[in-house]
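Before any comments, here is the structure.
Each chain gets a letter, A, B and C, in the order it is written, and its residues are counted from 1.
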Amino acid sequence: MLTLLRIAEIVGGILIGDKDTVITDLGSLKSAKASSLSFYNDSRQSQLLSECQAGVMLLRQQDSELFSGNKILVGDPYLAYARLSQEFKDVSFHYSGIHDTALISPTAMVDDGVWVNAYSIISGNSRIEKGVKIGANVRIGANSIIGMNTIIEDNVVIYPGSSIGVGCCISSGAVIGASGFGYAPSPHGWEKIEQVGSVQIGNNVDIGANTTIDRGTLDNTVIGDGVKLDNQIQIAHNVQIGENTIMAGCVAVAGSAKIGKRCRFGGRASVLGHLEIVDDVTVYANGFVANSIRQRGEYASMIPVQKISAWRKTVANINRLNRLAKKIKSFGET
Amino acid sequence: MLTLLRIAEIVGGILIGDKDTVITDLGSLKSAKASSLSFYNDSRQSQLLSECQAGVMLLRQQDSELFSGNKILVGDPYLAYARLSQEFKDVSFHYSGIHDTALISPTAMVDDGVWVNAYSIISGNSRIEKGVKIGANVRIGANSIIGMNTIIEDNVVIYPGSSIGVGCCISSGAVIGASGFGYAPSPHGWEKIEQVGSVQIGNNVDIGANTTIDRGTLDNTVIGDGVKLDNQIQIAHNVQIGENTIMAGCVAVAGSAKIGKRCRFGGRASVLGHLEIVDDVTVYANGFVANSIRQRGEYASMIPVQKISAWRKTVANINRLNRLAKKIKSFGET
Amino acid sequence: MLTLLRIAEIVGGILIGDKDTVITDLGSLKSAKASSLSFYNDSRQSQLLSECQAGVMLLRQQDSELFSGNKILVGDPYLAYARLSQEFKDVSFHYSGIHDTALISPTAMVDDGVWVNAYSIISGNSRIEKGVKIGANVRIGANSIIGMNTIIEDNVVIYPGSSIGVGCCISSGAVIGASGFGYAPSPHGWEKIEQVGSVQIGNNVDIGANTTIDRGTLDNTVIGDGVKLDNQIQIAHNVQIGENTIMAGCVAVAGSAKIGKRCRFGGRASVLGHLEIVDDVTVYANGFVANSIRQRGEYASMIPVQKISAWRKTVANINRLNRLAKKIKSFGET
């Protein structure tokens, strides 16, 4: 619950309207009520804007005339909205205090102000810093470090020796530090290579539900500060991801790949092992990175669906591209 | 354990044979024994049928002569078999009653006849309706509703505020209602947009193991009645899926996509965000939907494997398609 | 902690150097210290080798001159390293003994020397053999068998009736034996086909984090001895995988596919249902197997990313391949 005065302060905007109006929730241009904060940054929605019932609107100075209600003028309405949305976060998600059934090793160092919900286990010599919130049925392995204010939601597993920075959020079902996938062929099958490295996660990293990040073979798997990973992402052993890189759902990165800073990966993009991708690379959804990318820019390799009858012909033609290419060459020679 | 008389009643079929014979299990045409029920609906298997040892066979009237044992004539043997299979479900999967170690908030409303296995947690103000069965190590967040007779298997996480209909089944490891993936770029990295919507799941919905369904940004992520989702599916925030749509394993749907009724998605199909797909669309396995689909029908974009030597040439040709196309054009001009 | 003498014995190699030197850890050519074991099997790293500080080096006889420190000559340095790495495994990962909060059914048969961590549940009539280690928050369903020395890590779910061999390792979040995905269409939606088979896993099988293996419809889903599955793999009902086949992360195998022995699948390869793949087939990363493969060899169908501008033209050309092919044909006819 915030007054317009307080909202304007938080985002550093210019308030036009009643400073004492109270906002209790967030709304889209369609759903906002008198109690809601909303924002406008897409000119295709000007009609919705003019009819919106929001108690206050975040928008740019040049759009000010388009909305007659209370408004706050800001340079980047979407960013301002993002910051304010955090004020409306439902803190009741988390159990406050340490539940009686949480099992905390006597050798674990748990700071004041840590919350741990029921049936979670914090093993020996781990260190849980101030303000950390841990959900239910979580396992924090021995010798791990969880940085200040990090949130670990229900049913997460953190393997021993993992290090997680401050201000991170790990969603349910994520598994951090399971064994990397390494085997040597032998005459009798596959011989396991023990993975004795661990996982090192920076500050302000978000990790989505059921995402897996394996521990390193000898050195660590390293996730840089500010990295955002969506759900069901697979990060193999020894991978390094640079600061502020963001990956949408179901991305997979194979072992020992090294990814730069500020990269963006669309959903289900894949990266083969032992590659290097420089900073500021965008890979579109379903893109398959089979070689190192040494130049910043945007890359893609997805083929959109066609009607099945057309697609069957396309596949047939792809399969005879070699013959087609030869034919074309033969024409050139005549 | 059912008599043939009872089986014929359940499926509304015509019994030819001994009404008192007792069936205790299910079998394929190959594996069925005298105690087994089996079915026949594929003419390529007529040889197997004639040799089958099943105690009773479900088949069409026109196939009646092909089997000499007890039989029940039905219009759709596969559907009749599906219904009967449910009678043979192993109910011992579930713990009956509420286990001593289940933690149920005093403000949760739990109906009679609810089962909850060990170490599960039901948080405040949630409502668990009659006949619900909850496995072990499950977390049901605050303010959630679980409809009548729904089954929630072990290690599932339901985030606060989720609503799940009647007669659903959620398999182990599924995560319902984790935060949608929304960030605004800022000069210092990615600013989180809090996701204050929730997840609303209709009646008779099945959700596979380790599938994730994120909560909405402002409004809800909505899964319609009768939807069937296989394992490891990722449904992003604000997605809407229409009634009776079915998705095979590993499908991914990006944020705010709107999918119609009775659609079918093959394994690992992908749908980009903010698209619309009309009713009765089929997308084949690995199909990549990059644009809205406005016409019912079947769509595909997968390329089957070739031998690596042929494929390397194919990729080379795909990569020089632009030059090939120009060459062809130049021939046309001469 | 091993002496060089003991190390040479384990791998059956020829020790050149001080037999009493003690090794306490593993290192790469770059990171190895005087306390470390390392190995050399890649001639591109000869420079690193000559500068390496390792306490002992595993290498081939012909490379012996390249390293001046303690060394052990072996036929296959990588395989020898793999075997030795297992001696350095961190056994502190596992809780020793049976935790007070572990719930073990009175009808479960648990051998001596089994370890079970907190809040795990072992249901009725299951059999847990000697040396098995079970993590925290694990559910072992009724009537399951877990073979000798198998490791089941935290938050794994094993459904009732599953059978797991000796010497396996199942990583966190894996779900074994959830319902296969089978429905019959009816006028009112999808009718569930109960899956009454189970999952049968051989000896020395590794299963990665958040991998799912569904139980069979009538017969079992079968994973052969020595199979290695990475994280987030989806194995559907009735699949059979032959001995020593290995699959990298995110592979998906649809229902009733039958895969041979010693096959290798790159990350995110897909296999359609009801196919057969013979022994010794390699499918490259992202390869899509749409038909049975009857000949051993290597197969692929992935298209690597291009710059987005080039790719857009490529997609346009793929979409008009049918027209291009016709044009080429028309030239041939003139």
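Criterion: contacts are C-beta pairs under 8 Å (C-beta built on N, C-alpha and C of every residue); 3 or more make two chains touch, one makes a residue touch a chain.
Model, not experiment: these values are computed from the prediction.
K.L.:
Superimpose the Cα atoms of chain A on the matching ones in chain C and note the rotation angle, 0 to 180, in steps of 5 degrees.
P.N.:
Answer in degrees: 120, to the nearest 5.
K.L.:
Suppose you list every residue number at the chain B-chain C interface; are over half of them used by both chains (same) or under half (different)?
P.N.:
different
K.L.:
When the C-alpha atoms of chain B and chain C are each averaged to a single point, how far apart are the two points in Å?
P.N.:
About 26 Å separates the centre of chain B from that of chain C.
K.L.:
Give me the residues of chain A that touch two or more other chains.
P.N.:
119, 137, 155, 173, 210, 232, 250, 303-304, 306, 318, 321, 324, 328, 331
K.L.:
Under the definition above, what is the set of chain A residues touching chain B in their complex?
P.N.:
Residues 25-28, 31, 76, 78-79, 81-83, 85-86, 88-90, 92-93, 101, 117-119, 135-137, 153-155, 169, 171-173, 204, 206, 208-210, 225-226, 228, 230-232, 243-244, 246, 248-250, 267-268, 285-286, 302-308, 311-312, 315, 318-319, 321-322, 324-325, 328, 331-332.
K.L.:
Please give the residue numbers of chain C that touch chain B in the complex, ascending.
P.N.:
103, 119, 121, 137, 139, 141-142, 155, 157, 159-161, 173, 175, 178-179, 181-186, 188-194, 196, 210, 212, 214, 218-219, 232, 234, 236, 250, 252, 254, 270, 272, 283-284, 287-291, 293, 297-301, 303-304, 306, 310, 313-314, 317-318, 320-321, 324, 327-328, 331
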